[in-house]
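Worksheet for the structure shown next.
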Amino acid sequence: MADNSKIATLDSSIVSRLPTSSQTLFTAKTTKNLTFATIASELNRSEVAVAALFYGQAQASPADISKLSTILSLPEELLTEQLSQGFPDRGRAGPMPPVEPLIYRLYEIVQNYGYAYKAVLNEKFGDGIMSAISFSTKVEKEVDDKGAEWAVITLRGKWLPFTRF
Amino acid sequence: MADNSKIATLDSSIVSRLPTSSQTLFTAKTTKNLTFATIASELNRSEVAVAALFYGQAQASPADISKLSTILSLPEELLTEQLSQGFPDRGRAGPMPPVEPLIYRLYEIVQNYGYAYKAVLNEKFGDGIMSAISFSTKVEKEVDDKGAEWAVITLRGKWLPFTRF
Amino acid sequence: MADNSKIATLDSSIVSRLPTSSQTLFTAKTTKNLTFATIASELNRSEVAVAALFYGQAQASPADISKLSTILSLPEELLTEQLSQGFPDRGRAGPMPPVEPLIYRLYEIVQNYGYAYKAVLNEKFGDGIMSAISFSTKVEKEVDDKGAEWAVITLRGKWLPFTRF
Amino acid sequence: MADNSKIATLDSSIVSRLPTSSQTLFTAKTTKNLTFATIASELNRSEVAVAALFYGQAQASPADISKLSTILSLPEELLTEQLSQGFPDRGRAGPMPPVEPLIYRLYEIVQNYGYAYKAVLNEKFGDGIMSAISFSTKVEKEVDDKGAEWAVITLRGKWLPFTRF
Amino acid sequence: MADNSKIATLDSSIVSRLPTSSQTLFTAKTTKNLTFATIASELNRSEVAVAALFYGQAQASPADISKLSTILSLPEELLTEQLSQGFPDRGRAGPMPPVEPLIYRLYEIVQNYGYAYKAVLNEKFGDGIMSAISFSTKVEKEVDDKGAEWAVITLRGKWLPFTRF
Amino acid sequence: MADNSKIATLDSSIVSRLPTSSQTLFTAKTTKNLTFATIASELNRSEVAVAALFYGQAQASPADISKLSTILSLPEELLTEQLSQGFPDRGRAGPMPPVEPLIYRLYEIVQNYGYAYKAVLNEKFGDGIMSAISFSTKVEKEVDDKGAEWAVITLRGKWLPFTRF
Amino acid sequence: MADNSKIATLDSSIVSRLPTSSQTLFTAKTTKNLTFATIASELNRSEVAVAALFYGQAQASPADISKLSTILSLPEELLTEQLSQGFPDRGRAGPMPPVEPLIYRLYEIVQNYGYAYKAVLNEKFGDGIMSAISFSTKVEKEVDDKGAEWAVITLRGKWLPFTRF
Amino acid sequence: MADNSKIATLDSSIVSRLPTSSQTLFTAKTTKNLTFATIASELNRSEVAVAALFYGQAQASPADISKLSTILSLPEELLTEQLSQGFPDRGRAGPMPPVEPLIYRLYEIVQNYGYAYKAVLNEKFGDGIMSAISFSTKVEKEVDDKGAEWAVITLRGKWLPFTRF
Amino acid sequence: MADNSKIATLDSSIVSRLPTSSQTLFTAKTTKNLTFATIASELNRSEVAVAALFYGQAQASPADISKLSTILSLPEELLTEQLSQGFPDRGRAGPMPPVEPLIYRLYEIVQNYGYAYKAVLNEKFGDGIMSAISFSTKVEKEVDDKGAEWAVITLRGKWLPFTRF
Amino acid sequence: MADNSKIATLDSSIVSRLPTSSQTLFTAKTTKNLTFATIASELNRSEVAVAALFYGQAQASPADISKLSTILSLPEELLTEQLSQGFPDRGRAGPMPPVEPLIYRLYEIVQNYGYAYKAVLNEKFGDGIMSAISFSTKVEKEVDDKGAEWAVITLRGKWLPFTRF
C-alpha cells in the first residue's frame, strides 16, 4: 500500500445507481478500514475484480461470499441474500463520457488510440475483437530510478475471430 | 505476424476526419504491403505508436520521417511537409461511443471497470490520476496451452497527484 | 424469391459512410439484377452475410472474391484491391437509433425485450453474454395457413461466461 | 436449467423505472427460487414473454394472473390490482444505447447488420417491415460437439407491406 | 389550389440527404410548375403519398413511373433507373426533433398528446399499436364561416394487437 | 367500448413527471372503472382532450371540474385546488423520441412524412404552419369488411400564415 | 448606421446549410457594400425580416424580388428563380444550442426567463402561447445619458389560446 | 389583469429543480391568490423579474424581502433565510430545448432569427454582443382594432464590444 | 470582501449530486456567515481550492479538517468521518454544457479560444498539454481607474510533453 | 520561443469549419515559418488574440490587416477582402466537449471548478458574471527551480452585475 493510507469508500451520491450490496460492502470496508489489496488477497482474486464486485460489476462465488463475510464481519446470510442471487446488471456505475478525471483519462486513451489498437490487433490476429468478457485485468505500481511512480494497467482478453457464415 | 497475412489499410470513408498525412502514409504502406510491426521495428517505436502516427494521433521526429521515407519509398520532402510542421490535432479518428466492435470492447472496459480502477489506483497511489500523456502502451499476443490466442494490452502512465493549493 | 421482383440497391445518400467496395459491388449487382439469395448461393454463405459484405460489415475470403468477380462480371484485380486488403471498419452503415422503419423495429425489440433476454439467458447459461462475433444469423420466410407472410430472423452466438479473475 | 443454479432477480437500482408489479413479481420469484423456465411452463408461454411480463413489457391475461398467484403464492387480488388494469407502458426498462454488456451485444447486431437485414428482407418480401408487435421470440440453448454452448434467439414477426395510398 | 400560387421545390441544402430521384423529380416539377395536387390526381394517389415519393419516402409502382414520365416530361428510362430498383431508405429527410416550424408543430402534437392517444387507443382497441406501415394519410383544407382556414390531417392505420406468446 | 374491457391507468413510474392532479384523477378513474369515452361523454369533450387533461396536458373549466367531481366521486374542493389554479405545464409526460411503441409510431409518421406534409400544406395554404394550439384532435375506430380494425386520428389546426414584417 | 462601418457578410463555412439564394444575395450585398438598414428601407420591411430573408428564413414577395434586383444589381430573372418558387425551409441556419456568443445570449434569456415569461403571459392572457408565426420583431439602438449603447429587441406575437375540444 | 382570472402556480413536478424559496413563495402566492402584476407593483419591479425571482432566477434585495413578507403574509425571518443568503443558481428551471409550447416558441424565435439578429446587431453596433446580464425585459399586452390580443416582449441589453487585446 | 456582504450557500436542488460533506460544510458556513476568503485564510489555501473542497472536488488534509472543525464549530469526528476517508469523485457538481450564466462564460472561453490556446501552447512548449492535475488556480479582483471591477482568473498547470514510445 | 522549433499549422480536416481567411493566413504563416509570438509582436497584440484571429474567432483592425499583409507577404487586397468585411462567426472551431486532449484539460477545469469559481466570484463581486466579451487572455511560460515547465493562462474579464429590473 502507498504512503497515502486512505481507503476507497462509496460516494453517497452514486449509491442510487448501484445494487444494495454496494452500500453493504463499502460500509463494512470503511468500518474495518480495509484496502482492496487486503480483501483481494483473502479472496485470491485481482484487486480490480474485487473493486468491481463491490461496485456490482462482477459476480461473487459462494466461497467469495463466505470469505467476505469473515473479513468484513458481515452476516453470511445477509451477503448471501444480496450477492448470491441474481446476476450483475453492469455498466451503470458512472456516466459516459466519464466526468471523473481519472476515469476520463482511460476513456481518452480509447478515443486517441482506438483505431491504432484496431490496426495493430487486426494485423496480429486477423478480423475479430479482443473479448471484454473472457477477460482479466490488473493494476500494478512501478517506481522508476528517479522515484517517479507509474501506474501499469494490463488488459488481457481472448481473441475472438468473426465467424464466417 | 499472424497467419492472417492481411494488413491494415485506411477506410476511404474516414479520410476526411484525418490529416493529409494519413492518406499518404497508408497508401504507401498498402502498396509496399507492410505491417505496423515491420515499420515499428525500423523506427524503433511501439507498433501502437506507429499506427497512432499514421492516424495523426502521434508526432513524428525528424529521424522517424527519414526512416519512413526510406521504408515507404516516399519523398522525404513530402513527408517533411506533411509531418514535420504543426502538432497533432488528436481525438477525431472515430466517434465516441465507438461503433466499431473492437474499439467498443475497450470502451466497455472503461464503462464497466472505471470506478474499480479508480478505487484501486487511489488506494495504491493516493488522490490523482494516471497520465494519458506521460504514457506508453503496447499490444502483445499470447497463445495458451490449448492454442487459444489472447490479446494483451498494457497501459503505462505516470502517476500525477492532485496539487494542493 | 418473392413476387416482388425488385432487388436491393445502394442509396446514393449513404455512399459516403461506406467503403469504396460498397459502390462497386452494388453497382454491379444492380446491373446484373441479382438478388442476395442468388449471390449467397454462389458463395455458399448466408444471404445476410453477403449483404453485410456488400455494406462493408463483413470480410471476403479470396474464394469469395474470385466468385464475386465471376458472378458480378467485375475484374478480379479490382475486387482484390478493394476487398482483400484491410479489415472491415464496422458499425457506420446507419445512424443509431435507426431512422429506417424496418431497422427501427429490430432496435425496438432490443429496447423492449433486452432485460427479458438477459434474465432468460442468465438463467440458462449463467453470468455471461451471447457473442456477436462468434455469431451467425439468417433470415427465413414463412407463410402461414392463411397465406400471411412471416419473417423469421435467427441469431446464434457462442455463450461467453465472464472470466473469474 | 443450466448448471448455474442462480435465478434472475430485480436490481434495486432500476425499480423506479418499472411498474409496481415488477417488484411484487420478482420478490416472490426470488423467495420461491423459481426460474422463468418453470413459470413459463406453468403459464404455457415463452420464457421471454414471461420475463417481459415481469419487467412490465407484456400483458398478463386473467388466466396468467390466476396461475401466477398460485405458483408465486401471491394473493390473486393483489396481482389482479397490479396486472389486470391498465396497459403496459413499454420501452423504459433500460437505457438506449444499452450499457449492459449482454444487451449491448444485441444492439450491436442491429447496428452492424441492420442494413443487411433490410436488404435481404426487402428482396424476400418487398417494401415493408417485420412487425415487432405481431411478433414472438424465444431463446434456446445448444451445445455443440465440443461441448461449447450457443445461445439461439429467434425473432418471428409478421411481414407488413407499406400500404399504397 | 390556394390563392398562393407558389409550388413546393427542393431546398438545395437537403439534397445530399435524399436519393438521386428527389432532385430529378423536383427539378422537373419546378420546371413544369406543377403542384402535388395535380400530380397526385394523375397518379390517383394521395398528395401526401406523392410528396413522400418525391422525398424518397415512398415507393413508385411501374404505372406511377410511367405516368410521372409523361406528366413531368422525363425519359421513362431515367425514372425507371432511379425509381424502379431498390427500396426506399426512409427516415432521413429531416432532423429529429424537427427544426422546421411546420414540422415541429406535428412533433409537438405527439409530445403533448402522445400518452393521451395511447390511453384512448388502448381503451378502444386493447393492447397494441396503430400501424404506421399499414397506413394512409391525407391533408384537407377547410374554410370556416368566418373565412378562417383550417388544415385537417387524417392518419389511418391498421390496429395491431400485441401477439400473446 | 371495445371487447377489451380494460381501462387505462397511470403507471406509477411516470407519476413524478406529472402534476398532482394526474394521480388524483387516475386513481378515481381506476376505482370507478371508467373509460375516457364515458368521462368525455359527460364533459361533452373529446376523449383525447379528457385523457390529456388527466395527464396534465390540458386545462379544465369550472364546469369540467364540477362534472369530474360528480362522475369520479371526488370532493369538488380537492379538484378545484388541483385543477382550477395554475396553467398546464405541457410536454413532460414522456420522453422524446418516444420509447413506447404506440407513441413511437406517431413520431415515426412525423419523421417519415414531415417534409411531405410541409410540401402539401404549403401548396394548399402558402407559407405558414398548422397551429397545434388553435387545434383539436380525435380518435375513431373503424372496422372494415374483413373485420380488421383501423384507428383513425384526425388533427385539425388553424392555418397561420407567416406575418410579413 | 453605427460608427462601425463594416457590413454583415456570409461566412463561407455555413453556406452548405443555406439555400442557394443566400449566397447570391450576400455576395451582391457585399459587393455593393450595403447594410440591411439600407435594403430594408428600400423594401419597406424590418431589418430583421430582410436579414432573415437573406438567410432563407423568410419569404420574398414579388415586389421584394423586384426591389432587391434593383438595389443589388442582380438579374430579376435569377432572383425570381431562386426566391419566387418554393417555401422557406426554416431553422437550419445555425446549431442549437447556439455556439455563437451573440446568439447564445438570446438562448440564455429563454433558458433563464422561460418560466417567468410563461407565468406572466398566462396571467395576462390565460392558457395559450405567443405565436412565433403571426409575429414580427425589430431591433433598435439606444444610447443612454452616459453614452452607453443598448440594444432593444422587440418580439410581438399574436396570442393564441388553446382551443377547448 | 385579463379576463382569465387564474394565477400562475408551481407545478409540483418541477419543484425538485428549484431552490426551497420557490415553493415557499408560490404556495403563499396561491393562497393569497395574487398575480405577479400585483406583487410586481408592490415591489416596484417588472413582472418578469418578480416571476424570475419566484423561480430562483433573480435576486431579492432586503427591501424586496420585506415587502414580499408583507404582501404574502410570510414571516420575514423565513424569507430572509431562504432569499437573503446565497446567490441564484440560474438556468435549471426547465429543460432545453424547451418542451413547454409557450417557451418553445421563444426558443424557435432564436433558432429562426438568430443569425438575422446577429447580422443586424453587428451592423448597428459592431463586433460584440447584447448583454443578458446588464439586461432588463418586460411583457406587455396589446389589443388591436379587431380585438385580437398581442403579446409584446421587450429585451433590452447593454451592448458589449469585444475587447481588442 | 466586496460591498456585497452575502455569502455563497448551497442550493438545495443540487445537494443530491454532491457528497454528504458538502451539506455539512455549507450549512455550517452559512450559520457562521463566513466567506471562502476567511476560511481559506485560516487553511492557508486558495479560496478556489476551499470552495472546491466544499463542493467535493478537492481533498482535505488532516490539518485542514482540524482547522475546519474549529472555524466552522463542527465536531472534528464528524468531519473526519466525512472528509478523511475516500477520495473525491470529481466532475459531478454541475451539468456540461453549464446552464449557469457565470459558469457558461468560462465554458465559452474554452469554446472560442480552445484552438488558439492550443496553437500558442504548442509553439511555446511543443507537443503536450497543460496539466489540470498538477495545477493550481486563483481568483483576483481588480478595480481600474474608472472604478470598473475586473475578475482575474489564473490557471497554472505543469507542462506535460507526450511521451515518445 | 521554446526548444521545440515547430510552429502551429492548420489541420486540413478542420478547414471546412472555418472561414476562408483561416486557410489563407495559416498557409502563409507556414510558408514563412512564423510563430504566433512573432506575429503578435508585430501587431502589438496578445499571442492568443492573434491565434484566435487566425481561427476566425477574433476581428482584425485595418492596421492589423496591413501589418499581416507585410509580415505574411500576402496581398493587402486579398486580406482586406477576407478580413475587413463581415464579423466573426465564433464558436465553431472545434467540438464541445473537446476531443483534443489539450483543449479537454481546459474544459475539465471548468467542469471541476465551475461552482467553486462561481462561489468565490459571487462572494467577491456579488451577483453577476465575469464577461467573456470585455475580456482578454494571455499565455505565459514559467520554468521552476527544478527546470520543470509550467503554463500560466490568465483570464481577465469585466465584472457585470445582474441588472435589477
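As written, the chain order gives the labels A, B, C, D, E, F, G, H, I and J, with residue 1 at the start of each chain.
We take it that contacts are C-beta pairs under 8 Å (C-beta built on N, C-alpha and C of every residue); 3 or more make two chains touch, one makes a residue touch a chain.
In UniProt terms, the chains line up like this: A, B, C, D, E, F, G, H, I, J = Cyanate hydratase.
Remember, it's a predicted structure, so these values are computed and weren't measured experimentally.
Visitor: So which of D-F, A-B or F-H is the twin of I-J, meaning more than half of its contact pairs are the same residue numbers?
Guide: Comparing residue numbers across D-F, A-B or F-H, the repeat of I-J turns out to be A-B.
Visitor: Applying the document's contact definition, name the chain pair with more C-beta pairs in contact, B-C or B-I.
Guide: B-I
Visitor: Rounded to the nearest whole Å, what is the centre-to-centre distance of chain A (Cyanate hydratase) and chain G (Cyanate hydratase), using the mean of the C-alpha atoms as each centre?
Guide: Result: the chain centres lie 54 Å from each other.
Visitor: Approximately how many whole Å separate the CA-defined centres of chain E (Cyanate hydratase) and chain G (Cyanate hydratase)?
Guide: Taking the average C-alpha coordinate of chain E (Cyanate hydratase) and of chain G (Cyanate hydratase), the gap between them is 29 Å.
Visitor: With chain centres taken as the means of their Cα atoms, state the distance from chain E (Cyanate hydratase) to chain H (Cyanate hydratase) in Å.
Guide: 41
Visitor: Report the inter-centroid distance (CA atoms only) between chain C (Cyanate hydratase) and chain J (Cyanate hydratase) in whole Å.
Guide: Centre separation, chain C (Cyanate hydratase) to chain J (Cyanate hydratase): 48 Å.
Visitor: Quick check on chain G (Cyanate hydratase): which residues sit in contact with 2+ other chains?
Guide: Residues 6-8, 48-49, 87, 89-91, 96-101, 104, 108, 111-112, 118, 122, 126-129, 131-133, 135, 137.
Visitor: Of all residues in chain G (Cyanate hydratase), which touch chain H (Cyanate hydratase) in the complex?
Guide: 1-4, 6-8, 35-37, 47-49, 51-52, 54-55, 57, 90-91, 93-94, 96-98, 100-103, 105-132, 135, 137, 139, 141-142, 148-159
Visitor: Can you check the complex and tell me which residues of chain B (Cyanate hydratase) touch chain J (Cyanate hydratase)?
Guide: On the chain B (Cyanate hydratase) side, the touching residues are 16-20, 56, 84-87, 89-92, 96, 132-133.
Visitor: Along chain I (Cyanate hydratase), where are the residues that touch chain H (Cyanate hydratase) in the complex?
Guide: Touch residues, chain I (Cyanate hydratase) against chain H (Cyanate hydratase): 6-14, 30, 98-101, 104.
Visitor: Within the complex, which stretch of chain E (Cyanate hydratase) touches chain H (Cyanate hydratase)?
Guide: Result: residues 97, 99, 101, 104, 108, 111-112 of chain E (Cyanate hydratase) touch chain H (Cyanate hydratase).
Visitor: Using the touch definition up top, name the residues of chain I (Cyanate hydratase) that touch chain B (Cyanate hydratase) in the complex.
Guide: Those in contact with chain B (Cyanate hydratase) are residues 45-46, 48-49, 58-59, 61, 87-89, 118, 122, 126-129, 131, 133-138, 160-165.
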